[in-house]
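Look at the two complexes coming up: subunit A is in both, with subunit B in one and subunit C in the other.
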Partner chain A sequence: MTLILDILSTAAILFIVSAGLLAIFGVLKIINFAHGAWLTIGAYCAVVVAGLGINPWCALPLAFVVGAALGGLTEHFIVRPLYRRPLDAILATWGLGIVIGQLITLWFGRDVQFTPALLAGAVTAFDVTYSLYRLFAIVAALILGLGFAFLLDGTRLGLSARAVIMNETLARALGIDTEKVRLATFMSGTGLAALAGVLLAPLTSVDPNMGVAWLTGAFMLVMVAGSSFGALAAACLVFGAAQVLISIYFSPVVGGMAVAVLCAVTLRIRPKGFARA
Partner chain B sequence: MLDRRNIRLILLATLAVSAVLLIVFGPTFLGRFSLNVLTRSMIYAMLAITVDLLWGYTGVLTFGQAAFFGIGAYATAMVLTHLGSSPAFFALALVVAILVPLIFGLAVGWLSFYHGSTPLYATVISLVVPIVVTQMVFSGGVWTGSSSGLVGYETLPLGLAGYFRLTGVCLAIFAVLAIVFVRSDAGRLLAAVRDNEARVAYLGMNPARLKIALTAVLAGVCGLAGFLFANASGVVAPENTGFVFGTELVVWTALGGRGTIVGPLFGAIGIDYLSANLSGDLPFLWQLIIGGLFVVMIILLPGGLASLVTRFLKVGGGETKLSATPMRPFDKRADDASLLSIRKLGKSYGALSVLKGIDLEIRAGELVSLVGPNGAGKTTLMRCLSDGREQVEGEVHILGRNIAGCTPQDIVALGVGRKFQVASIFDSMSIGECLKMARFSHQRPSPARSLAEIALPAPTVEILQLTGMAGMLDKPVSLLSHGQRQALELAMVVALQPRVILLDEPTAGLTKTERMTIGTILKRLTDEMGFAAILVEHDLDFVREISSRIVVLHQGKLVLDGTVEEVVNSETVRTIYSRGAHG
Partner chain C sequence: MKHRIIALALASTAFATVAYAEDPIKIGVPVGLSGANSVVAPSVVQAAELAVEEINANGGVLGRQLQLEIADDASGAAGAQKAFDALVFQKEVNVVISMETSAARNAGLPIISKGDVPYIYTSFYEGKSCNTNLFVNAWVPEQQVPPVVDNFVNKQGAKKFFLIGSDYSFGRGMLTFAKDYITKTGAEVVGEDYLPMDGSDWTAIISKVKSSGADAIITSTAGGAPNVTLTKQLRSAGINVPYGNLAVDEGTAKSMGAEAKDIFLSASYVTGIDSAENKSFLTAMEEKFGKDMRTPNDLSVPQYEAIYLYKAAVEKAGSTDTAGVVEALPSVSFKGPRGEISMSKQHHAPLTMYLGQVKDDGSVAVVDSFKDVDPGDQCPNL
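Showing the complex of A and B:
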């Protein structure tokens, strides 16, 4: 039972961390290598909120707004000139990641910080005691996933975004303002990343380079998932399970690289990854 | 007056002389700290050049060079720590430090590059590799020293000055080799792969194998750099193998100038040296400046700082010459058996059947036109003939050999050349260079020299003369008109000396005169030289004038196969086309 919960919550955390990256890659076909920096920004929002002494849950909306606002600026000044050069976009966003990391270091110092738990304690059910916060992560991932499903299938922005994913030239010819769709997508992607940073903060320590550790895992999962949130959820479950099982039964070190290696192998065998068709 | 060629030579000579002076006399005036840092910077510069050869020249963005470097460094340190440090073990360490990364590089290359792999996938792999290597180092226990690394092993007894000179010599040799290679004919092949990988394959070369070989050799160089590093610094740590270090290499290469050898060299040395000097005073600000500069550079000046210099030194107007090698016409009668035979060929995408039960024989000297309304399956048929890995029913035999499973380059080797609908040439090259690429499957390119005379089969030379391109071999293809691009691609395909040429709408968008020229060329190639040609064409007047046979495709089926008169006067064709025309 604990094992199942471990797998589910690990998958949930992976999903939360990668969702923002997927939103951007799915629509813009651009890999935001500053994704790690946005996770860090989110986590530091939690630190700031804790420092102000207000309710730690306030960090969630704050992080989303800060993340989306910075994302808007980034899209406009850095990503927009590079849509035709996707490999260069990886590099430019990586450079931006360095800049953000150093700015945070200058501001907050390079020391490790801790944030108060959003939900403390554990619950006991069916003779199993489990961390309440990790259970909450599963719920949060579900909300996020369903929220995205709604956003894509139920709203006008979602419809435009899907049109841009399928055929951007046609979408533009049909009068969809693709620039606006891109801006909105990038902002929601970065907002989500910052949100993920807040959720991540209580699970790990917060330091200026915390995002980098998560970046590669998220990147690999997104490569496998293509542009579908369903595929991302499936990939998180499969590779999250692999990570947990390998860590427990084999070695935590091998488990740590399981996601990256398995994703690479999956792509070699099946270049489309978990995406259909 | 000094022309640009001379300025370039003088600059290079000055660089070389100052490099030699610095290597010889550097240790006499540089302080301990500077010597130490510069030795390290020069090792990093070797890595930056490997990044540049892969990324700047071949178009493969890689973060993985740090891993090969780390393996080389760790292999050295592990041999010296655990086995001993007699001269024999130093030799062993050197061999292991080069061979292990080389073999690992082969494996990584095999994983990264296969037919149809995307550039992004190679980048993905290059991210995974350092992660895996770092994790292996962490889990290596006493063997690798885990997170604290290895330290305190015996190193080569060279002293500071000795290491400085040794590294300087290694870097200079590697840089010179790299410069000679990228300017040679074989080196231009890297740019060809970057520009247009599909065309390289359809010129009969294997781009994946080329990239795998390059990755492996450069991994060996990184291993050598690792050997130098492990000796010079006396310590190896997990950071040396990591992905973050891999990205730093890319940053230096980008700032210095990708696509030049000197740029990344100075980028790496300059930034690493400045970092060491400045990071004491402005620890975070310095990284901030580098990061910001990098972003701005990628957006505004993708060629890096070197592009500011090379922009003024571009050597224009070389004097490449043509020479025609006579080509014996293919014998039309000797083998009356068909060159290309298609039996019951069918192709479907899911439930949609595009081709059904096609039977067709092509003999030497024939010019067969494939006509039919849009969506009849003409281009699909061409693809099935030139790529054996398409999933098809039925069989295609070329010169008696079943092509099922053959890659495009295998089929080129069998004697089939394909000209695409949109001219597929190498956009960053000159006309002469494009033509050279087309001959490499017959004559291995030299890795050291760039030949000034291009020997081409006579029919190719004739195409170039007819279209007025024979006299401007050094003109960049980006300046060519649409018609000239089409003709150049045809010339490249003919230079392969194929038995069968596949042409997909070679005259689309051409003027009447250009069309007539192409028609004349095709007629001569088939009638006089004995090539066989299959031509997809919409213009029925054109088809009538040049074809020896016409095949009509309609809704994936072959409905007519006959002489020009038979087909043109056929009722079926009239109905198909009139129905097509009226919706």
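Showing the complex of A and C:
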């Protein structure tokens, strides 16, 4: 039972962290290499909220707003001018990530910061004691996934986004304002990344470089998933399970490599990854 | 014309001699200003600055002022190589006194030998690092582990230990020693697992701990982030067995607050040491740094004492020549915040160790103390 919960919660956390990156990759076709920096920004929002003595749950909407606002500025000043040069845009986001990391260090210092747990303690059910917060992460990931499904299928923005994902030039020819779609998607993706940062903070230490470690894993998962959230969920589940099982039965050091290696192998065997044809 | 040249020559020789006598003694301090040690480095630098300021105010060493040369070793081997090269060959320091990761120390040692300067290593480490120029005034596993294990076995009735560490020389070295020691006491080691130094997901290991039926945990992770992530995740998984942390410092424990409650730590320095030297040291630190003061800890206080030990050795040898200093260092001592310190046993120092337990406000209460614990045979060939 513990094993199943471990797998589900690991997959859930991977999904929460990668969802924002996937949204941006699907529509804008670039990888936001500053994704790790946005995770860090979100976590530091939680630190600020804790420092001000406000209810820690307020960090969630705050982080989304801050992340989205910064994303809007980034999209306008950095990504949009480089629209015809996607490789340069990717490089620019990498640089941006470094700059953000250093700014955080300058402002907050290099020290590890602490945030109060959103949900403390463990809960006992079915003969097993499990961390309440990890169970919450599973619920959060489900809400997130369903939220995106609704967004894509049930809203106008989602419809436009799907059109841009399929063929941007054609979408523009049909009168869809692709610039607005790109902006909205980038802002949602970065807002989501910041949100993920808040959710990560109770599980890990908050320091200026905390996001970097998650970037590689998220990047690999997005590469394998293509542009579908369903595919991302599947990838997170499969690779999360692999990471947990390998860590338990072989060694955590090898388990840490599991996601990256499996992604590379999967893409070699099936270049479309988990995406449907 | 000839007289003028001779006069000029004599004058410049006089100048040169005067200049030489005023030359400061340079102390090289390569330390992790960036990287894994960046959280601790400021406290180490502060301790060094206080020692130098105090000694200079009292006339310096052999009439010469002390000068600190600080370099960033990025907490790793590559950075240490650059830092040591710069200090030993460019700045031509007279001695290297610093706290570093084992990776950095191992990278710096060949440069120490090539440049032939004394090197006082002020960080606790996994032991058995030997070099004619290397001296250590901080603890090794033989001094730090027994207090924790003995307490768990004798006072808490622990029989099954689970060992968790970060995958590098310190993490593995400490736990290898701990495993041997635990088995010698008759208890059992039911698990031993490591994560890479930057790993933060302890889920699999925590599940293993639960299924192994362990009634005590001993951890030796890299300082800073891994300590925090592991403690948070252990506590939120509901694991409350006695938890001995071989690598946490008072400052980190204090900021972890309630989550660090009941963690046992074993150190040669805690701020609560009740001695005149420690009290005046803490007062001097507060006066010099005020609200910027970083909590003195088991990595920064040895730095302070090492500079005084170097002073004693130079005064005993009568000069800063490496050969003389290296010969004098094992026989000099200094009474500092940790008591009377002398690197007399194979270049390592017998130390008084304190077993502490974190209280619910994050402060450390001394549970037991062990006077002059022997470091064992670290370098039998020196």
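Before moving on, here are some points about what is shown:
As a convention for this text, the second predicted complex is superposed on the first by the 277 of 277 C-alpha atoms of A that agree within 3 Å, B and C clash if a C-alpha of one lies under 4 Å from a C-alpha of the other, contacts with A are read in each partner's own complex, and residues count from 1 in each chain.
Note that contacts are C-beta pairs under 8 Å (C-beta built on N, C-alpha and C of every residue); 3 or more make two chains touch, one makes a residue touch a chain.
What you see is a predicted model, and the numbers here were worked out from it, not measured in a lab.
Look at A:91: by the touch rule set out above, it reaches subunit B but stays clear of subunit C. Once chain A of one complex is fitted onto chain A of the other, the partner contacts of A:73 are absent, as it touches neither subunit B nor subunit C. When the shared chain is aligned, no partner comes close enough to touch A:166: not subunit B, not subunit C.
Once the two complexes are overlaid on the shared chain, A:149 sits clear of subunit B and of subunit C alike.
Within the superposed three-chain model, A:111 lies in touch with subunit C and out of touch with subunit B [touch as defined at top]. Contacts of A:264 after superposition on the shared chain: subunit B is touched, whereas subunit C is not. Contact with subunit C, but none with subunit B, is seen for A:248 once the two complexes are overlaid on the shared chain.
When the two structures are aligned on the shared chain, A:213 is found in touch with subunit C, with no touch to subunit B.
When the shared chain is aligned, no partner comes close enough to touch A:1: not subunit B, not subunit C. Shared interface residues of subunit A (contacting subunit B in one complex, subunit C in the other): 110, 251, 253, 256. Those residues of subunit B lying in contact with subunit A across their complex are 61, 111, 114, 116-121, 123-125, 127-128, 131-132, 135, 138-139, 243-244, 247, 250-251, 254, 284-285, 287-288, 290-292, 294-295, 298-299, 302. Residues 34, 38-39, 167, 193-196, 198-205, 207-208, 210-211, 224-226, 228-229, 232-233, 236-238, 252, 255-257 of subunit C touch subunit A in their complex.
If you check the complex, the residues on subunit A that touch subunit C are 2-3, 6, 9-10, 110-112, 114, 117, 120-122, 129-134, 202-205, 207, 210, 213, 243-244, 247-248, 251-253, 255-256. On the side of subunit A, the complex with subunit B involves touching residues 31, 78, 81-82, 85-88, 90-92, 94-99, 101-103, 105-106, 110, 212, 216, 219-220, 223, 251, 253-254, 256-257, 260-261, 263-264, 267-268, 271.
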